[in-house]
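Chain nomenclature is as follows: A, B, C, D, E and F, assigned in order of appearance, with residue numbering initiated at 1 for each chain independently.
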Amino acid sequence: MTTVKLVSDAQAANNPDILAVFNDIRTTRQSDFINNFWRALAIDPPLLQRTWSGLKAVMASEGALDPLVREMIYIAVSTANGCAYCIHSHTAAARARGMSDAQHAELLAVIGLAAQTNHLVTAMQVPVDLEFEVNSED
Amino acid sequence: MTTVKLVSDAQAANNPDILAVFNDIRTTRQSDFINNFWRALAIDPPLLQRTWSGLKAVMASEGALDPLVREMIYIAVSTANGCAYCIHSHTAAARARGMSDAQHAELLAVIGLAAQTNHLVTAMQVPVDLEFEVNSED
Amino acid sequence: MTTVKLVSDAQAANNPDILAVFNDIRTTRQSDFINNFWRALAIDPPLLQRTWSGLKAVMASEGALDPLVREMIYIAVSTANGCAYCIHSHTAAARARGMSDAQHAELLAVIGLAAQTNHLVTAMQVPVDLEFEVNSED
Amino acid sequence: MTTVKLVSDAQAANNPDILAVFNDIRTTRQSDFINNFWRALAIDPPLLQRTWSGLKAVMASEGALDPLVREMIYIAVSTANGCAYCIHSHTAAARARGMSDAQHAELLAVIGLAAQTNHLVTAMQVPVDLEFEVNSED
Amino acid sequence: MTTVKLVSDAQAANNPDILAVFNDIRTTRQSDFINNFWRALAIDPPLLQRTWSGLKAVMASEGALDPLVREMIYIAVSTANGCAYCIHSHTAAARARGMSDAQHAELLAVIGLAAQTNHLVTAMQVPVDLEFEVNSED
Amino acid sequence: MTTVKLVSDAQAANNPDILAVFNDIRTTRQSDFINNFWRALAIDPPLLQRTWSGLKAVMASEGALDPLVREMIYIAVSTANGCAYCIHSHTAAARARGMSDAQHAELLAVIGLAAQTNHLVTAMQVPVDLEFEVNSED
């Protein structure tokens, strides 16, 4: 069903660039599992390498936001962009990072509310209040 | 620039339904400021009342997620939906709730990364891994 | 602010293909006013002609839906696609076709509700009920 | 395939809050059928209750727009937001409310046309005509 | 799974308007194959005819852009709009027009990069540089 | 109007990480001009560095696609994502790379057509033809 061919471990074993990324994914995640997204991106080793290093820097690093919070933000963007695969993979990741059913339900509630008000604001073409400019610029 | 007329305080003073919502917004936020979104929605008092009560229940309640986290999720959805007003208002709200520059930068990084991978997954039509189904259903 | 140059009446007067479309717009709408969308599309007369004939066939024809209903559907799509120009132009068109403030408010309410449930369904990845398939196929 | 567990009638029977909403859905629709969207939302009874009461107020009430028109606006938004479930459920609802094949075809034509012009306007960054501001504000 | 009934060759044979379009598709593409999109649109022969003539004029004509480039632009828009069917059909069309694996990978890389920067720009609400206005207006 | 503060050359001069990226942008583009996107991203030097290196790798490299074609694909994605800034900046970039008015008009026509058919396909929920799967997998 993909528009590209997924790269198997046997194929990766014959390409040092792909293998290096797959191995880093396994080491970083402490799991042998390589999900289909990386197997698809592997059709282009430089794209695979850049995308993984970007994801590792943002999602698997020490940072100012809790890793679970980052996963929930990821789910929110993926929902608005309609990416079913991304919603499944990052909901699984959020659960693996300890997202409770109550936190998941609250995430859903915020996503739905934001979408509703986004569309209401857009349909009414509401101008930005000066107060927000001030707050955001100070 | 709006497609509806904004309701002024003078007009609200003459409509008990609008005034009740404006007063509850002021009490809940402990601020006299009513932003344009509510002044626009006030063209339809029942829509104003339903929208405010929904927002109050999701964003201004005790819950499983930190209020700042909810604001960041709101910004993420608003960005993917392209709502400039919502991005400005909820970035201001997140700052008011203590979002640091480092947290804001990390929010931006996650939003950008998610959008990139959402589009890559969609363009390649990557099938959901069985592992994610299992994780998400267990 | 456009990425193309708007075609003036003076320029249109020197191009029979553009002039023919501008004149048909004026005749069809019984107004001398040519809005900026057509002046922008006029950079490519065949694109102008195809787009106008498509719009005329769908929006300015006898049909199964009331012209006002078509304008409200147009506003709904334009809102979800975030097209400010289209929201302004078709809200004006809907008003010219008799849209009342109450109808406008109800249009807004449906748009906001649909966006909210669209996002909730997507975030939860709800499978289509067999009953809907059956209903939609019978 | 969902990211949450669907709530069965047996489970609902043990939760008065869920049962109250399911019963109101059945009474309002005069049907015993509860579609998957509500079974998924039932993971969070307050979210279920708020969402149903919002939908009931907007879609199942007396109002300024014909119920079939509201369903067609819902389909338009759901299409632009890419919600397959919502398109199926509300196309079925529109048919149940009497949407003819000719009306459905015209709905499709307006949706497609609006999307085309939305994207053309956005790509050309067409400025809003003063006339539309005036019309929309008068 | 469609919300309309697909029109078979047997049904098309009984409708001269549908048959004329199906025959023109076959002649233009030098193939007997009619894909599901046209069989679905055939529920409304005028919509089928307008849509096909528009597609033929833009995609199957002599023009300023290479036909393969047009297919890649089509894939880019279809990806951002989340249209799985369109991504499959136009990726197949691009391959038929000679798109190499390297070109496909580069198309994917540009799509992902653009989506990432689109979202970063929107979240930061970056104002357009005067230089771009100048460039685009000269 | 931004939600972050733009970094000036004076501020960049005091931060080696920012200055290194600004200098590489200037060298790569053989221009002293740094557009607002980079000045906004500079609030987070690592995000600035990653984003610039990703853009440089995809847009400013030797590759399988003509640089002008990459810019047109970028415009197509930016249009569907509704990013006005990105549309302005990459239309200017495409013109700088030689995009003719005729090529721009054809780009617009493909974008509009794709959006129209994307929405028609989605509203009708057209299933992918087996032939496309086969073509895309061979």
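Basically, contacts are C-beta pairs under 8 Å (C-beta built on N, C-alpha and C of every residue); 3 or more make two chains touch, one makes a residue touch a chain.
Keep in mind it's a predicted model, so treat the numbers as computed, not measured.
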item	value
Chain of greatest Cα-centre distance to chain C	A
Pair from A-E, C-D or A-D with over half of its contact pairs in common with E-F	C-D
B-D against B-E, pair bridged by the larger set of C-beta contacts	B-E
Separation of chain B from chain C, taking each centre as the mean of its C-alpha atoms, in whole Å	27
Separation of chain A from chain B, taking each centre as the mean of its C-alpha atoms, in whole Å	20
Overlap residues in chain A, where contacts from two or more other chains coincide	1-4, 51, 54, 77, 79-84, 87-88, 91, 102, 105-109, 111-120, 122-125, 128, 133, 136
Touch-based graph of the chains, sorted into line, ring, star, complete or other	complete
Residues of chain D touching chain A in the complex	3-4, 43-44, 47, 51, 77, 81-83
Chain A - residues contacting chain B, complex	1-4, 33, 35-37, 40-41, 51, 54-55, 58-59, 63-65, 69-70, 72-74, 76-86, 88-92, 95-96, 100, 102-103, 105-107, 109-111, 113-129, 131-133, 135-136
For the chain A and chain C complex, residues of the former touching the latter	75, 79-80, 82, 84, 87-88, 107-108, 111-120, 122-125
Contacting residues of chain E [partner chain A, same complex]	82, 87-88, 91, 101-102, 104-106, 108-109, 112, 119
Complex contact set, residues of chain F against chain A	1-3, 5, 46, 50, 54, 57, 128, 133, 136-137
